[in-house]
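In the two complexes below, chain A is the common chain; its partner is chain B in one and chain C in the other.
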Partner chain A sequence: MNLLLNIGPIFRALLQQKFSAILVVIQVAITMAIITNGVAITWDRYVHIERESGIDEPNLFFLTSSGFSQDFNPRASIEQDLALIRGTDGVIDALQANSFPLSDSGNWYEIQTSPESSAQLIPAASYKFDEHGINTFGLTLLAGENFNQQDTLWLEEADSQWPSHVLLSRATAAALFGDQQWQKAVGKTIYVNHNTPIIVKGIVEQLYAPWVDWAHVEQTIISPARVTHNSARYVIRTQPGRRDEIMQTLTATLAKMNTQRVIRKVKSIQQAKDEIYAADIATVSILLIVIIVLAFVTAMGVAGLASFNINKRRQQIGIRRALGASKRQILHHFMLENALLCAMGVLLGSIVTLGLNVFLVSQYALVPLPLYYLPLGIVSLFLISQLAVIKPAYRAMGVSPAMATRSN
Partner chain B sequence: MLVMKNIGKVFTTDVVQTHALREFNLNVSEGDFVAVTGTSGSGKTTFLNVAGLLETFDSGQYTLDGENIQGLNDKQRSQLRNEKIGFIFQSFNLIPDLNLFDNVDVPLRYRGFNAAERKSRIIQNLERVGLGKRIKHYPAQLSGGQQQRVAIARALAGTPRFLLADEPTGNLDSDMANSVMTLLQEINQSGTTIIMVTHDQALAKQAQRQIIVRDGKVCDASETAAHIQTQAEITPSV
Partner chain C sequence: MPAKRLLIYKHKLKSHQVFNYYCRLALLSILGAKVHSILTMLTIALGIAACTITLTLVNSMSSNPIAHKSGQLFRVQLDNWDPNQAAISPDLPPEFVTWTDARNVVQARQAKRQSASAITWGMVNPAEQGLTPFLALMRVTSKDFFPMFDVPFLYGAGWDENAEQNNDYVVVLSKETNQRVFHGANSVGQTLTMLGATFTVVGVLNDWHLSPKFYDMSYGAFSDPEEMYLPLELKAVFELPHGGITSCWKAVESERYDAFMHSECTNFQLWVELDNPQQKSQFADYLTQYVQQQKSLGRFPRPLNNRLLNVAQWLEYKQVVKQDVQIMFWLSIMFLLVCLINAASLLSAKLHTKHSEIGLRRALGANFSQIVMQYSLEVVFIGLCGGLIGIILALVGLQGVASLYAGYGRLIELDIPIALSVILLAVMGTIIAGLVPVYTACRPVLATQLKQ
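Let's turn to the complex of A and B:
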């Protein structure tokens, strides 16, 4: 017997039991709306957390050297410290940096391709690294060349001077010169603060801004400079697997080497990342739990209603068996009946899902739901619902045809 | 056509074993109209369930239309039930959520007939029982007698060799009961073999042949004759 041919009478019979049918349809629809939007939000957050910042995250750590004595010489201290750090066994490279990806603090400037006021302004986070920047962060130079020692300036904290050359992230070059022309940025002059000219010396593949939620997170600019300040932050890249060990030994060595300062805020980039994304990780975890619980509750609800309906119709099942239905046909009957309810549920659910998404986007500025989530939601809810009804349907299969001759 | 030899059926619970049928012997020929009577608990319904392949039996041999029932699996029994047996139940057993058309359609779908064939059989049989104009009605919109007529139409739609009727007039008033009995007799005259379980002697008398079940066994001929005589003296005719 062709299974689908039975849709007609099953559908007509469902119309006679509107209340329980509507309950299942509404339950499936609401669950689909919540699960689909929840999964989309979760995935969006997950991608946000897992995206590459462009630096060698697992092997980087940073620490802050804060001088406290009146005789403390920041520049001499930085030079001594960097010489020691770079000479330490297991250290690949190190630098003193004003800011770095995932540090959650720093500055940004507007840059443009010409000094005219009509030129488009491109926001870019500003890093001050010396010629060790590329090697310390593990960046990939796509075009042009790295700074050399002569490029690097020593600046005071309040100094507004800009070095003559900069490196751009590829996204910055693309924003300035267009997606297809980004390589042509090398050698070109760009302008900071409207009219300060700087020549682009090179382009690195990816380097994120310090703030993970910044809208222009991929747009960064690196100028070759070190800033003399009583508090200097060093970023250190180690050989794989040696980060934690070197973090400990180097902290102790630096502290001993110069007693006019303290070493503090020693942290791996991974730790900094975990802290920055703590709220996102909590959101993802809570949403995942809600999604799993909701899917489970819905499955239980569908199974419960199916069980109730089957218990209520035991004699009817017996009658069908007496009239010639095989056990498999009884199983198919209930699976098809549930599939019909579920189909109505996901149809309504698709509308509710989009409606909920429009609401979330307008109220909480979330990303609009990619449309491919709808078929994913439909298939998932369909599967959950059909799996939930298997056990009750198997129980229906076991009803004896002799049930037909028993009194109600 | 329907031959039962020494059929035994035992129901076992944790505390007791009940022999519902023991050495049950019966031979029904094609075209017979047999009434099976007996007191409550005598084994009538168990006989009907076994004869209709609704339940298995524990011992003996049962041949239906030349086919040995023993050893058939559930699917084969379902198919045989669907093709060869029509059921009429005391409480009609229509499916309340389906209209008359869909109710009569149930066994035909399991049989695998195409839509045109099913429609023709449904309409023909509903017309035969006088309900051809009410195919879109639901069982709850019909009287008891009409519901039983729908059940008869459903039983006949697959052109079964046997009609098994379990107290077919048990829930009907006497007028409706007579009309249903008349219909059954017409069906029998058209060649369908009918086995009717009833406790109503007046109805049983209208069958060609009457057998009495007592303690799970068919009474022998002399016992049956004596029983019929006694019942005739104490039960007024319908």
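Let's turn to the complex of A and C:
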């Protein structure tokens, strides 16, 4: 109660130095607008980057083997390479794949539950993985079963035949058969290219399409086809912690084993992910730095002004102390003065924050600021400015009552 | 001490001496409160650095790499898409054209220049040169590609019409590829084994890295140019793979290569050069006529929807400047504002301690403008120092930003005019904000100030 009674005199004291008080209020307001909107964008991007693609990202890498001579036999070479890779110490499994999550290239098809043209078309990215797919990528089979060796269909380069069985991601099954009934997809016949029937053999929990920004990124379909191509891409899963080492040795071994081809594009999934999300990672990093530096700058500004005010009022403080004010009351005075400025700042700040957000949303494809960010911004600005004022206020506490007798 | 000097200048000092004297006073004042001055400079520096960095980002991403011809180069889009669904919602035509349309439009020669192109790749086997084979990224394109985009040549030139008509095996190498295969020598007329055949080098490009790579952004707006260039028709001769982005709305009829080439799948970038609005409207008429004719052949089931965008419009449409960067730009402007306000409040706090000094000067006869002049110098000096530190911070920051935007590295360089204009803005801001307290300091009654 006592504390609140002080507001009157403090406010009148502030009015004596309107210019610097207004500067602090504006500074707090703009800082709040930047920090609140910045944190919201940063969090949004962070969630986007950290989505689960469904594969064992840290332990996977890939490479491409490109044959160049006339007598290069792609199929024999693929079989030989895979046997060697799978036999390597530290390799869990490997396969030849046309595409995979985070590879940023691949095909998608429209599938439907019946060949009639009225049936809804569901877009799904197509992966060609044989029975090693689940183990290589570390997928979780939710229903049905994995392919076996007989399911695999060997295709020529331009061949667009479909094998008889496929696996679906849960999101694909849900899109085809309804959110609650995705389990029922197992054993059902679905249609690709309007009229090619295929049977759903199983459902995997999560498997992203190759393009992270695709609208249907969770919808994928796996067919046990293998394409003989002069260029073959292998995806290799290693035991945890051995990825980089195996990446090096295996590349060298493969290059030496068959000189009719070159090994290129050796990259870990993590690297591929970092490249794909480069712009988002950049946004997150830059915004975080901006937020931290800005908080620092504003804190310095608040502290600077407070300590200037205290220096100017040393005699006043001395008089108050001489008249019986306790050290704590002096501390409270400056903390309260700061809180008062800050309160005006965040009040204006809430308006600026929302205004900035409305502007950004109208100009760019940005989601509106969730309202709970506003109290978060208010609390953090209060914390910043109160923390900033503690040190100068402690100095004010130390002013001796004897100052009252001196003239500065 | 100051009092004595002030009395002297009234009678003897020339204006540049007065200026020197003010400079010395400003310097003394800055050095007299080192921590305070450094803090102020640092605050201004941070704001300038943040603004310079984001402005550089926006500027380099939105630069028009062919500004002098931007209004004469047009991207051609034709709507051969699904009658029930637009290629790009709500009603835009696809960005690429089919092999059929690419060849038809180029061969019709209705524009001043025209080129269709696409990315592909193939094995190069420079055994003669004693090198190991490598896979090269290639661009198949028309001969006009080189003159219309002002592609610079180090040696030789592009191929001619004869080479195009006879399907000659000719190739233009990038400077890097020429370095790799021929060690940078003039390789025009040399042969190169690639795609299982023998090609003749007709030209070598000089450095050519347009960014954004507006003529083909299918591998990203800032991707590297291809390693070699071949005549368009060779794509079908060698059945080269379809690089870039291929989109189909109709299943391809058979698995043969030529079935794809005759399909409605789009993969080719089609550009024309038109010198004036008259040529443009003539070409637009030709396109209408062409689509009508194709409609009579049973193609183009959608309503007429041709688009001709010039380079600037095309870049705008493709949203080359990442939205995040634009958002960061606005945030950094506000950041600079906070920094300037902060600097102003620090300066005003300092000036408050000088009320008695100002009073003394006024009592000794200095007028308002002389006092403003003296303190402005101090503010300008602090602002300039802040600007200088800011540029250093921006240089360091840009290094960091360039490593974050790995694919953009080459184009992120400090732009001097931008940096200078930000500094100018900052100094002006600081002066205006810093002079308010000077004004208030000059106003009060002399006697009270002198007393303090």
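Convention: the second predicted complex is superposed on the first by the 363 of 408 C-alpha atoms of A that agree within 3 Å, B and C clash if a C-alpha of one lies under 4 Å from a C-alpha of the other, contacts with A are read in each partner's own complex, and residues count from 1 in each chain.
The rule we apply is simple: a residue touches a chain if its C-beta (ideal position, glycine included) is under 8 Å from a C-beta of that chain, and two chains touch if they have at least 3 such contacts.
Remember, predicted model here, so these are calculated numbers, not experimental data.
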item	value
Which superposed partner A:297 touches (first chain B, second chain C, both, neither)	second
Which of chain B and chain C A:327 touches, first, second, both or neither	first
Touched partner set for A:400, first chain B, second chain C, both or neither	first
Which of chain B and chain C A:316 touches, first, second, both or neither	first
Partner chain(s) touched by A:13 [first = chain B, second = chain C, both, neither]	first
Chain B versus chain C as contact partner of A:24, first or second or both or neither	second
Greater chain A contact set [chain C / chain B]	C
Shared chain A contacts, counted only where both chain B and chain C touch the same residue	none
In the complex, chain C residues that touch chain A	36, 39, 43, 46, 50, 123, 125, 132-135, 196, 251-252, 255-257, 260, 322-324, 326-328, 330-332, 334-335, 337-339, 341-342, 344-346, 348-350, 352-353, 401, 404-407, 433, 436-437, 440
Residues on chain B engaged by chain A in the complex (per definition of touch)	45, 48-49, 52-55, 74-75, 78-79, 81-83, 87, 89, 91, 93, 95-99, 102, 105-107, 109-112, 115, 138, 154, 158, 166
Residue numbers on chain A that touch chain C, as the complex places them	19-20, 23-24, 26-27, 30-31, 33-34, 37-38, 41, 45, 66, 68, 70, 156, 158-160, 193-194, 231, 262, 264, 275, 278-283, 285-287, 290, 293-294, 297-298, 300-301, 304-305, 308, 311-312, 356, 359-360, 363-366
Parts of chain A lying in touch with chain B, wherever the complex brings them together	1, 5-6, 9, 12-14, 16-17, 315-316, 319-329, 400-402, 404-405, 407-408
